[in-house]
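Several structures are given next for inspection.
You will see chain A twice below: alongside chain B first, and alongside chain C after that.
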Partner chain A sequence: MYNAGKVIIGILIFLGLFTYPIWSPIVLGKAGPPPQLEKPDPAKGKVCVEATDYMRSTHMSLLNNWRDWVVRDGNRIYTGLEGKKYNMSLQNTCLDCHKSREKFCDRCHNYVNVSPRCWECHIEPEYKQQQAVAWRSK
Partner chain B sequence: MNPWYSVLISLFIVIGLVLIALIGVGSIGLNSLFGVYIPYVAFAVFIIGFIWRVVEWARAPVPFKIPTTGGQGKSLPWMKHEKLDSPFTTGQVIVRMLLEVFLFRSLFRNVKGELRGGPRLTFASSKWLWLFGILFHYSFLTIVLRHLRFFTEPVPQWVQLISSLDGFFEILVPTFFLTDAAFLLAATLLFLRRVVIPQVRYISLPNDYFPLLLILGIGISGILMRQVFHVDLEKVKELAIGLAAFSPTVPKELGSVFYVHLFLVSVLAAYIPWSKIMHAAGVFMSPTRNMANNNRAVRHINPWNYPVKVHTYEEYEDDFRAKMKEVGLPVDKE
Partner chain C sequence: MDKTRRDFLKIAGLSALGLGAKPAADAFAQSAQGPKIAPIPEALKAKRWAMVVNLKKFKESGPDALQACVDACHTIHNVPKFDNPKDEVKWIWTESLAHALPNEEHHFLEEFVKEQMKGLPILVLCNHCDNPPCVRVCPTQATFRRLDGVVMMDYHRCIGCRYCMAGCPFGARSLNWRDPRPFIKTKLNREYPTRTRGVVEKCNFCDERLAKGLKPACVEACKNKEIIFGDLEDPKSEVRELLRANFAVRRKPQLGTQPQVYYIV
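Moving on to the complex of A and B:
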């Protein structure tokens, strides 16, 4: 092999870049486990709006549709799994069962690196309560 | 080969690959084959094949100094030396190489000769190939870097930054990435270029069309997965991290689109070492690009030179000194 020194440096750089996912957890500390999601409030029902698998992969499209149906068509009622009727609302319906946005939505979103901006306008109930408490104690 | 056959063969192969993954996972349920074994084999072939190709190139001797030059070489002090187009030092070679790798400088300098409605050949700068090329490569790079979110936990800050810049306009839910559009556009145009321009079509072979179509297939399946046939990304990430840690768990519920995407990526990875995509390493290994144009200052020794048996003048004189003196020829040593 000619110019062995330079070629080997090049090959090492190549290896270093393409095996990053393999060596980075070893060097930078083990990859964290998948997030522990908070269980939904059992009092509100045993099922989600749609089947769990569908919710896990497609809830963003569902929410997007809900928004369009409410804001554009003025239709607020959604018939979900088992013919149950829901008020199509992000903070009043989803967060009615999934009590904490932080321990449910955010945990999973942080894991897969998505950060929806919904909460800049939609205020989650837990936060509202905290604020109310803060106000009262003033 | 008839150029249209080349297009069709490549297209059929890519469609075949998609069907293999769809049937393999969707109907037969070979999830661990397509989710674990094939990706591992493909990755191993990619790494080993890549290194093997580079070592093969490094073993080939370079008998001459053959840098391609595009300007005045270093000469007399009053002649302007084009440092980048005719590099004289290693530093200049490196700068030229970096500009080539990051900005595709030689494509930028592309000139096209045309007979524009007259007998005179006119040369005009032609930047389209450069534009599509650079758009394609940088969007590909961004997409691959963004994919690190599946392989790392916690996701590095800079990956989050790239993703949020890429989804800056927040069109659609989930946010449509700008580089996805750029990637599809550029790959399509690179493909159309080969199909539409007769001269380029004439010199195109299946191994030109196949990688382009395969990459288009990867892009389309990825975008479909993001925007239309959503999959459970938490499961994807578990699989990806498991693969990287060599303790994979195969999720059962993942949609077939994901396996199509992963299978096409695996095929691409295994194909790269044997294909023109090796230009990524080739650009560094090209004697025309990695040598300095300094022939007159630094002697290049041909590695092929074998030790030649020589008979020097001194030895010659030793052999014939007596006879030379006899006829009155001058000799060096008395």
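Moving on to the complex of A and C:
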């Protein structure tokens, strides 16, 4: 290989920079602050539809399943943790406890850089009808 | 230790039984806990939902009754109102006799139809056809026919290609050319979503109300029983009684889509 020294050093520098997000917290000892999500009112109950870990990792496919079960099959009742029954609805059930899209959904979604398009149709509690503009930029 | 063919078959048979035991046991365990998903117990159920629009009664009630039906539907479903007719979005609306029932227009039409119904606007909506052309042409299966006959839209899947609008002979479908939210002039119903730019929308026979055990909004808005909603497959249902006792027509039946909204003339 020509210029082996330079090429290999170049590759090593590239790999170092490329994996920076992985090794930096270990070496430098400090990760960026995780998003702080607003917890729902404790009066609404302490458990979500499923366990917290499951919701954190899998809420998107749970919501996709809910959509298909409701729209396609007409099943609207979901039996969650502790046998509690829920109406499968993002707008009427999820947002009934998680009152703020900005303080709950968006904080995590912004942190992991995803922008799901739920709010183009589903109405978030903070949405004010008078504020509607020609094309919502969010 | 020699195995005969007979022994081998015995063991193979027992093994197959053993393999089948686990799913069977799981199924029993599942049914003991109750189903994970289920319909709402109060939901209205039917083999074939259909609607009967009584034009004679609408004639008695006057134009306010028609408008009440339209407003009830459009308010509940957050249907936008655009000033430009090219952008129009509608779920239920009125047409003249010649446009709503073009094949019924002829010189010797029954006296009631010809004289009294002249100029009477006729309420029209999605016909929830038994053989819906919109469903056949939809490339993403965003629109589909449920087993109880309701032709539904899954807005998540709609790509806005408008094949269904070309397929529908009743003009029951509207595309959101623009973001509809700023054009919702009524008070927003926060229990029901809006639509977004680039999806096609239409009447859903109030699927979300049927699931809760409520009749469709337009039926409820009719104080004088101008619209009757019920199960067409049930011979004792109110819709069947009405169809037995009255002469009823449908819109463009010759096209073979089998519309399920009937008009008593």
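The rule we apply is simple: the second predicted complex is superposed on the first by the 95 of 138 C-alpha atoms of A that agree within 3 Å, B and C clash if a C-alpha of one lies under 4 Å from a C-alpha of the other, contacts with A are read in each partner's own complex, and residues count from 1 in each chain.
Note that a residue touches a chain if its C-beta (ideal position, glycine included) is under 8 Å from a C-beta of that chain, and two chains touch if they have at least 3 such contacts.
Just so you know, these numbers come straight off a predicted model, no measurement behind them.
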Contacts of A:Val71 with chain B and chain C, given as first, second, both or neither
second
Please work out whether A:Lys84 is in contact with chain B alone, chain C alone, both, or neither, and reply first, second, both or neither.
neither
Contact-wise, after the overlay, does A:Asn92 reach chain B, chain C, both or neither (first, second, both, neither)?
second
Figure out whether A:Ile123 sits in contact with chain B (first) or chain C (second), or with both, or with neither.
second
Intersection of chain A residues contacting chain B with those contacting chain C?
117
Given the complex, residues on chain A that touch chain B span 1-4, 7, 10-11, 14-15, 18-22, 24-25, 31-32, 34-35, 53, 56-58, 60-61, 63-64, 108, 110-115, 117
In the complex, chain B touches chain A at residues 46-47, 50-51, 54-55, 58-62, 148-155, 159-160, 163-164, 170, 173-174, 230-235, 237-238, 240-241, 244-246, 253, 255, 281, 284-285, 303
Which of the residues in chain A end up touching chain C in this complex?
67, 69, 71-79, 83, 87-88, 91-92, 117, 120-123, 125, 127, 129, 132-136
Would you tell me which residues of chain C are touching chain A in their complex?
33-40, 43, 144, 146, 152, 154-156, 178-179, 181-182, 184, 187-188, 190-197, 207, 211
